[in-house]
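The structures come next, written out as structure tokens.
First chain A sits with chain B, and in the next complex the same chain sits with chain C.
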Partner chain A sequence: MSDKPFFIGYMPAPEGLRAFLVIVAAAVIGGMAGASWVLGVGQDDPGPGAVRGDYGRQNLMGIVELVPYPLLHVVEGSDTIPEGTTLMMSAGNKAGVDARALPLDGQLAAVSGVVMERGDLQMLQLRGGRRGLGPGGGPMDIPEPVDMGRWRLAGEICDGKCLAGAMRPGRGLAHRACAAMCLLGDVPPVFVSSQPVDGEEFMLITGPDETPLPKEAYDFLSQYVSVEGTIKRHGDLLVFSIDAATLKLTN
Partner chain B sequence: MAATLVLLGKIWLWAGAAVAAVFLTFGLDRIDEDAQEAYVFRPLLIPGVLMIWPLVLWRWWHIERHGDITMARYSPVRSAHTAAAVAMSIAIILVLSFGWNARQDWPGDVAPVQMTKGSDE
Partner chain C sequence: MSVKYIPVQWNPNKWFYDGIMLVGVFVFLWVFLEIAPGVLSHERPINPQIHNARAFGACAFVMLTIILCIGPLARLDRRFLPLLYNRRHFGVMTAAVALTHANYVLGWYFAFSHIPPLEGLLSANQSYFQVAGFPFELLGLFSLICLLLLAVTSHDFWLKFLTAPVWKRIHFLIYPAYAALVGHVALGILQDQQTHMVSALFIGGPVLVCVLHLLAVVHGRVKADRIAKGHGWLAVANVAEMQEGRAKIARLPDGNRVAVFLHEGKLSAISNACAHQNGPLGEGRIVDCLVTCPWHGFQYDVRTGQSPAPFTERVPTFAVRLNGKIIEVDPTPNPPGTPVKPVPLPEAAP
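Let's turn to the complex of A and B:
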């Protein structure tokens, strides 16, 4: 039988191992605390995005437009969302509202939900079924879009719901998998521009000619990219229709 | 690149599934007499076999050929283990450092460029 001291957790520490035990325990605790601090300070600021439950439920009337993601041009607003606002819409969890919005394209609709907000980006998460999105009075004229030409922008492709405040962080590599799941669930994608375009930092991003965002773009989610495309203003929201072949990492 | 990684993952897991099917129905009885006629626990081993099926095959082959080496597990730590532990520790630090340095910087200094004017401008 060896005379070497042997430590068992439920017995008093042997005399010869106590100093070693104290050093190891201090190193582990200090090391973990240090690693936590380093990892914490290394993270990007998640920003001001938040679910604004404090605004209360928003009951609005507006014209639905599919570009191809559903937008709402508000014609009867609230204290929080005034008339003339153009909103993106999503459902609960990682889902869009395409199926519910499709039969209402170009029509007045009654919507109800809660707002997520980051700066001037607003996303309305609708209640379930027709309580969240239902017919409001028949066809109406959709505001005419304004062509702003072709642009080359740098920035990041995100999902509009998490970016607006559903998640913290709602952008960046740490959020990449979540963003991909949201976009696969038809949540409207948003491009965050490195610098404002016509005063707007956030814009809906689509494929060419306002088709769904091409799958090639999903490979670039949450990374910093440059990309070319055309921009149109729909109401007070910019829609960036990209040419996916021009996507490349910025550095 | 992503598609290749997914394909490699699928191949790995399908190979693991094949190993799990054979090992848990025939192999386990051959190398562990305590497991004979015990079946309920075997599905619990499937996820682990899917992940480390090469190690399962190697251990199976080794025990078939040389007999059980259970007691060898309690041998003193070999000197090579120390070197391996140090190497792995350094590798972890290097991987973290590389990942940290490979992170992109926000292109805040890249201004939007209007390439053509819009028809409404």
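Let's turn to the complex of A and C:
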């Protein structure tokens, strides 16, 4: 008769099996620790984007321009946001400020909020209601946009808020659904170009003739794509008006 | 074995098993959440919510990989059978860890929107017809639903209520769940991942599971069940092959298996499928005069197919006879729990 140990769950483990089970238990714990180490320290850098609470609340005056996402051409800046800066704006959470900005298109406005920043990309998250965005003194001339011609660019379409630092990481396929929800909430979309255009890596991306980003483009969110369109400089911000039919996945 | 349903019938082995697995989970989460961030040289840290989601998600992946390795390991080397004994508890732990991962994901990526989180999960990404960009979250959701279903039905009440064959078929959902989880990882985090070791681990886990299952299949073919031969009564073994307290297993024409035991010099045959989880009784032993299942220790009187009182489990018995040195069984099973008179071996006969 075989003398191999026979384990019965509700009986003490056979003598001949105990050492083996101790080794297996150690291997399970050690293996899980090792796997955790590999997966934990192998996480990619989420990038430099951040909510800059350390800058303090920004109280600015500027001219609102809808392209169709609301921009602010700063005319009275702060230590952090100098005059002449052009900012994208969003509300708290996954929401834009289109409805609040619409009556102020082409007008001076007083804005208040916190800056999110990733390199040259800046997004101002406004406070709620009129404390965040309110009239500041009537109509003013919007800086004349500069047409920079037609371009074919490669890069990634993201939501401007998460990319700027609301989330780390705030781009990539794992973030795709979140980006879609942000855009559905009217957060301004941003194109991250693989090659700088006129020194800019980030630009606001819109549909043709500065209309809202078409829904077809949502299928290409967070992926490396190539796309054609025209670029205009609005203040110090580039606006890339794409022809969605030219969107292609690329390597 | 139990005669009434209580949440968990604890014993020292179950405490030890669960303790080891819980230590493994806590060590995994501790290393990921507390140790690894100190090593990362990122300019700015990953959001805590995303870090937590990754920790619990990765832990669930590793746990499910371990669970799926246990079965084939136990087939390849019987010393691993103790890992099978309480695997259900590890499965329930895995479901809890996976649910925590989902909770972090829903509470972060799908929160803060005018769209409710679950609606956002199901509708935000509708690129169903492309590989890169596929809504991989839905694969994770499917896997989670499977794991929760298996966890909820893991108790012996459901095993009894659904019957072992139905219960086992339901619990084969563990394989689609794992396949969906692999897809969830492959179409999600791996698409962005640039660290090769991470990719290697996420790929290596499923490869290990596949290799072990293939080895177990090959091992099973090498040690293939003998097929009962003949017409009417079927030959299953030679008396010279029998060992006291052990069985020979043979496959019957209807696909079921019979286990012929030698106990105190006499032959008895019962179904090879344990009434509990269809465990292979013929791979068990006779302990204290009772056939003992190698999976969970359920016991049966080899002469009657009945569990000892007060337990109520029963398995079918078979009539046995000797044709010279050949042991034969009647392939028609008796109703579960039917006593059959043991057949003495010639040398043990009076």
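Assume the second predicted complex is superposed on the first by the 213 of 251 C-alpha atoms of A that agree within 3 Å, B and C clash if a C-alpha of one lies under 4 Å from a C-alpha of the other, contacts with A are read in each partner's own complex, and residues count from 1 in each chain.
Convention: contacts are C-beta pairs under 8 Å (C-beta built on N, C-alpha and C of every residue); 3 or more make two chains touch, one makes a residue touch a chain.
Quantities reported herein were computed from a predicted structural model and do not represent experimental measurements.
K.L.:
Chain B or chain C: which reaches more residues on chain A?
P.N.:
C
K.L.:
With the two structures laid over each other on chain A, which partner does A:L173 touch: chain B (first), chain C (second), both, or neither?
P.N.:
After superposing on A, A:L173 lies in contact with both chain B and chain C.
K.L.:
For A:Q195 in the superposed arrangement: first (chain B), second (chain C), both or neither?
P.N.:
A:Q195: touches chain B, not chain C.
K.L.:
Return first, second, both or neither, reflecting whether A:R152 touches chain B, chain C, both chains, or no partner chain.
P.N.:
The first partner, chain B, only.
K.L.:
Touching A:F7, do we find chain B (first), chain C (second), both, or neither?
P.N.:
So A:F7 only meets chain C here.
K.L.:
Go through the superposed model and pick first if A:Q223 touches only chain B, second if only chain C, both, or neither.
P.N.:
After superposition on chain A, A:Q223 lies in contact with both partners, chain B and chain C.
K.L.:
Quick one: is A:T250 in contact with chain B, with chain C, with both, or with neither? Answer first, second, both or neither.
P.N.:
first
K.L.:
Under the stated touch criterion, which partner chain does A:N59 make contact with: chain B (first), chain C (second), both, or neither?
P.N.:
neither
K.L.:
Figure out whether A:P48 sits in contact with chain B (first) or chain C (second), or with both, or with neither.
P.N.:
second
K.L.:
Please identify the positions on chain A that touch both chain B and chain C, taking each partner from its own complex.
P.N.:
On chain A, the overlap between the chain B and chain C contacts is residues 42, 173, 219, 223, 249.
K.L.:
Under the stated contact criterion, what part of chain A meets chain B in this complex?
P.N.:
Interface residues on the chain A side: 42, 146-155, 173, 193-197, 219, 223-224, 226, 228, 230-232, 249-251.
K.L.:
Per the contact definition, I'd like the list of chain B residues that touch chain A in the complex.
P.N.:
My answer: residues 2, 100, 103-121.
K.L.:
Note which residues of chain A are touching chain C in the complex, please.
P.N.:
Chain A residues touching chain C: 1-2, 4-13, 17, 20-21, 24-25, 28-29, 31-33, 35-50, 92-95, 167-169, 172-178, 180-182, 184-185, 219-223, 249.
K.L.:
Of all residues in chain C, which touch chain A in the complex?
P.N.:
Residues of chain C touching chain A: 1, 11-14, 20-21, 23-25, 27-29, 31-33, 35-37, 39-47, 50, 54-55, 58-59, 62, 66, 78-83, 85-86, 108-110, 112-115, 120-121, 124-125, 127, 130, 132-133, 135-137, 187-189, 191-195, 197-198, 201, 243-246, 284-285, 287, 292, 294, 296-297.
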